[in-house]
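Pasting in a structure now, in structure tokens, and then I'll have a few things to ask.
Residue numbering begins at 1 within each chain, and the chains themselves are lettered A, B, C, D and E in the order written.
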Amino acid sequence: MHLTPEDFSAIALSIKIAITATVISLPVGFATAWLMVFSHFRGKVLLEVLINLPLTLPPVVIGYFLLLMLGRNGWIGVFLKSFGIELVFTWKAAVVASAAVGFPLLVRSIRLGMESIDHQLLQASRSLGAPWYDTLATVILPLSLRGMLAGSSLMFARSLGEFGATIIVAGNIPGLTQTIPLAIYDYASSPTGTAMALSLCIVSVALSVSVLFLHEVIGKQLEHGGKA
Amino acid sequence: MHLTPEDFSAIALSIKIAITATVISLPVGFATAWLMVFSHFRGKVLLEVLINLPLTLPPVVIGYFLLLMLGRNGWIGVFLKSFGIELVFTWKAAVVASAAVGFPLLVRSIRLGMESIDHQLLQASRSLGAPWYDTLATVILPLSLRGMLAGSSLMFARSLGEFGATIIVAGNIPGLTQTIPLAIYDYASSPTGTAMALSLCIVSVALSVSVLFLHEVIGKQLEHGGKA
Amino acid sequence: MKLCIDIEKRQGDFSLALNTEFSGERVGLFGASGSGKSTLVHLIAGLIKPDAGEIYLDDTCLFSSRNRIDLSPEKRRIALVFQQATLFPHLGVKSNLLYGYKRCRPAERRIKPEAIIEVLNLGHLVGRGVGKLSGGEKQRVALGRAVLANPRLLVMDEPLSALDDSLRYQIIPYLRSVSAEFGIPCLFISHSLIEMQLMTERVLVVRDGRLASISTPDELARTGMATNPRGYLNLLRLDGATQKDGLFLYPWGESDLIISEGRIGEESLFELSSRDIILFKSHPEAISARNLLECRVAELFDSDGRKGIVLESGGKTLVAEIVRPAAEELGIATGATVFAAIKASAFRRLG
Amino acid sequence: MKLCIDIEKRQGDFSLALNTEFSGERVGLFGASGSGKSTLVHLIAGLIKPDAGEIYLDDTCLFSSRNRIDLSPEKRRIALVFQQATLFPHLGVKSNLLYGYKRCRPAERRIKPEAIIEVLNLGHLVGRGVGKLSGGEKQRVALGRAVLANPRLLVMDEPLSALDDSLRYQIIPYLRSVSAEFGIPCLFISHSLIEMQLMTERVLVVRDGRLASISTPDELARTGMATNPRGYLNLLRLDGATQKDGLFLYPWGESDLIISEGRIGEESLFELSSRDIILFKSHPEAISARNLLECRVAELFDSDGRKGIVLESGGKTLVAEIVRPAAEELGIATGATVFAAIKASAFRRLG
Amino acid sequence: QVSISVAASLKDALNEIVGVYAKSHPGATFQKNYAASGALAGQIEQGAPADLFISANVKWMNYLKEKNLVDAPSIRTFAFNDLVFAGATSQKIKSMNDLTRLGKIGIGSPKSVPAGEYAMQAIVKSGLEQALAGKLIMAKDVRESLMYAELGEVDGSVVYRTDALMAKKARILFTVPATLYPEVVYPVALTVAGAKNADAKSFHAWLKGKEATAILKKYGFTVK
């Protein structure tokens, strides 16, 4: 197994993107799950549909949508441009793509955890003088940690494998936006590159396996912990 | 929104593939989840890694692996061929691709449900005279239904969006193996096809949304039911 | 505390409609399962919203559909203790205890953690995780947590039902002393007459979401004497014990009560079942029961085939219970003198 | 049933090592929390595996590390009732009841569902879902389910602990009648002396994973008389009642017992606390207690500062309890004659 | 710095060309982006940084031209390619008509892959449309089509000569007659942004030169 410097930069970039996407999505995912579980509002169905879109649509389509929105003429793109931020064709775009694709998985995991929180705990917290946001931070959040952990490990793994959406919004620029899957794609498209492609696959698998196990260990600790 | 007959056949095929993949994977997913939750054996870690592989690897790579295994010279392909079964470039290959990609999501959902089964129920069942397989069928299975439901809705949605692996093992043959995502890809590849691509996207989303809701309804019923 | 309630609430098939006003430091809420007790306190605490009406606690408007007021639960300062302890599983005993205290304005922090830890005997638990407590310890922590929030009203919804009998009576003294020592008004829900008697001064009886009556626990206990497995429970608050032959002598009325387990130098509360009193027309000789009290029959009442007899001695009263044939045979009538025999071990010390 | 056990088992810090042999139809397992009672029955039922040793039930080898035998739980035919009812939540009451029955070989189906539904009074529940049962009903269904598996041994691990007091005594008669009417040997675990007395003939006392002693429930009850809140419980199986003045007269020893709540024409079991008996040296006059029995002191025993007095009348015995000063004052000694006063309402009918 | 967006099929050739150019022009640095032509066009439309665009067909170049996203005067043909039939089959396949003897035949998906579109046109023109119906396996791109041939999943695939040359197992069995399909053209153009970038302009000009042409030929492209 021999990796070129370009491969190493793809690996580093993939990790960076997967971590960033996960870290950024966690609070949003938490908030979304909270909305879905604990509040009743009009348009909840719409939100549900929206969140699950990226699951159903081919990643390429998601990539196009993102490109349309974040691009030069897209409304988010124009908005960000006014702050001097350009996303398209940078690693940040890859983060957005990974986040979009992994988001439904993340929200689902967090929801499963939240749904099992005893409502009486929330009532107790409120009646002990905690405003809703306080309850959110001091009861719901800590009790959702396991779900968030499971969700973020799923999301991290999914990010590592994201190809279709990323190549469209972020491009396939070695050293800049070329992640492991894109590098694999490059290698695999020439018959001489299969061995190299395989090496990268192994790296990718090793990475996600270590994350899965790390999270399992943390999860076990959370279970046994329960602060003294 | 105007759909051609080819589009309709793509839609029908997608549904057929998603349903078949889900239905076939359910028992396997259940058995796998059961192994992971209730038994201790060597190589459990390996199984865990294997199951989660498709999550981490780019779908194209998975497609490539599947092609290598199922193809004319692949060991599974050769084995099946001796029974006169050819998978590659048929809709069945698309089923395999969808199943592989959705499997980790399915297993995870079922596991979450199984892990919450009270062990005393299993002990009760055994001590009442049920051999392990009887307990599996009459206690674990019915109590895992919710997780299986959630998992299969995830898997169904994921199947509807599967592109990368499917196009490699099944080809993109209109009327035969062209699913919705492949049709979308075809449309989107020409500058004039965007409107058509969009129509298919909407169909795809509508499909998965209805499945999500159907499952939510069944889930609610399961919860309130508890046979009389 | 003074509560003015005039509310309506529909929940599925069940409807609750109450219009009442009551005050008192320890008020009970009594009623069959499903009569709406929990619903009512959830409404008062702001955890569910009435369909219409008004709720006033002392002079504060908690809810008024007319004036569009709906104070959020954290602003009502009504602490709840539920049937299950509902401790925060991710926090330790100490953090659980202080949860409400930290959220209380410093000016309103009348009750200090040290005091509660002392009263509820939680000292040795403070360093633990909540998963490692027994049922009774959990409920004590939940109680401490509620009290430390320094609430204006403490609502206890069957706080003892999930506990077994021995734990229940271990905790009752804690409940009482919390309410008494810290002067927190309590609203106490229970199915148990005994708990009502021990815990409250005044009881709202609820039936099918409507107020059936406002009564006293004593009246309720008298009515229920025959059907209750332990009869009518006399509560005796005694002090000034002296010790003799390993037994305790407490002055009571015109004589002394002899009790197996007492405490020297502190006031104790004892419970004595009406069924543990045997009455004699004339003074018996050589009896194993340590107490033989000469009493006057102050009052007689009926409860479902049994006779309740209120015995009086030096201004103190005890309720004894006898079957009707015995009442006739002994010729018991108001004003008669009888001798009441009570074993020293019949008194149960509650705290 | 005859059980031969010689096993060792380590579980974390805890180790269990037992080597004993005992037989009996209703055997108790008594011991402090954490002493290894549940571990032991799990080992016997095959739900966990001993590290080494042998277990024989009657003549069947359930486990033998030497002969490499480890019968799977379903083949041992040992039914369990746990502290929580553990009913299958996805099945209705009926399917739960029949779960074990269906899995029992037709030849071994001695007990029929109809009989159990009758005995456990489950008729009106059969059509329901298990989510809609109260705690006591659940435990009755769990018991019925276990018995209908027609087991060789019925193991009950604190089947009553999760229930409140009134439910507990509602269920005990069911437990007894199941064991008696259907002749199923029982192994009964409890922390409660009273339950032991009511349920078993012989008790294994376990301490720290070791056998401390094999005793009878009566011995255990005598030793625990002073510390138990209800003293020593006398169990009286009475029959042949006649009714008079709304009370029931049961022949007992040389006289009659007068009891508030009895049944005409059927045998009933009553419980009477040792603390509900008051002793007189000479016959008192005009007493409210309906029973005044002339008895002989057959035996005296000590329990932690109290005197236990075994009263005998016509071959029947009752244990009364008095404080030591009373014993001295009354001059009670073996052979003496005393009068025992007992209120008609002091007897609790168990079933 | 020059950002180039290049059709994926030119990846190896362009990598070498850029390498040679960078050696003789030490100041120039390149940002290479290889993907499908349509994806690249979409990216350029949405403002992705690109100075030079090489498409695998005229369609996407025209699309950008209509939107005024490329510098129209700079559009010119970069290279030509031929369609060949390549496969690892042992049968003697010498012409289009021989294809009917085969089992499965790989082509690019006619709707989305230019090579597939050309292959389909050639099949139709030779009157084999009926005879080959049901034998055609549509791939996502030419490389995938070739991969099928390499793995033996199809008996052979209609692919570009340049791709076929890189194959290990599959051999070129015959060249599809040029009369059966339109000329395969790779147009190149500077984008509007690229037209203002001196480095890009000089690279665009240099691509016409001998060194670039030689490399293209080495990879099997034709340059006229």
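Convention: a residue touches a chain if its C-beta (ideal position, glycine included) is under 8 Å from a C-beta of that chain, and two chains touch if they have at least 3 such contacts.
What you see is a predicted model; the values in this text were computed from it and never measured.
Listed by label, the chains that touch chain A and also chain E are B. Chain pair with the larger contact count among A-C and B-E is A-C, by C-beta pairs in contact. Spacing of chain C relative to chain E, judged by their CA centroids, is 88 angstrom.
If you average the Cα atoms of chain B and of chain E, the two centres end up 36 Å apart.
Here the spacing of chain B and chain D, counted between their Cα centres, is 54 Å. Separating the CA-averaged centres of chain A and chain B is a span of 21 Å. Counting only residues that touch two or more partner chains, chain C has none.
Looking at chain E, no residue sits in touch with two or more other chains. Multi-chain contact residues of chain B (touching two or more other chains): 185, 188.
Applying the touch criterion to all chain pairs gives A-B, A-C, A-E, B-D, B-E, C-D. The part of chain A that touches chain E in the complex is made up of residues 64, 67-68, 70-74, 77, 86, 88-89, 167-168, 171-174, 176, 186, 189-192. Residues 161, 164-166, 229, 231, 245-247, 260, 275-276, 278-282, 284-290, 305-306, 320-327, 329-330, 338, 341, 343-346, 348 of chain C are the ones touching chain D in the complex.
Here chain B touches chain D in the complex through residues 118, 120-121, 123-132, 134, 138-139, 142-143, 145, 226-228, going by the rule given at the top. Interface of chain E with chain B (complex): residues 36, 38, 41, 59-60, 63, 104, 109, 111-113, 136-140, 144, 151-153. By the touch criterion stated above, chain E contacts chain A in their complex at residues 5, 8, 11-12, 31-35, 39, 42-43, 45-49, 141, 143, 146-147, 150, 166-168.
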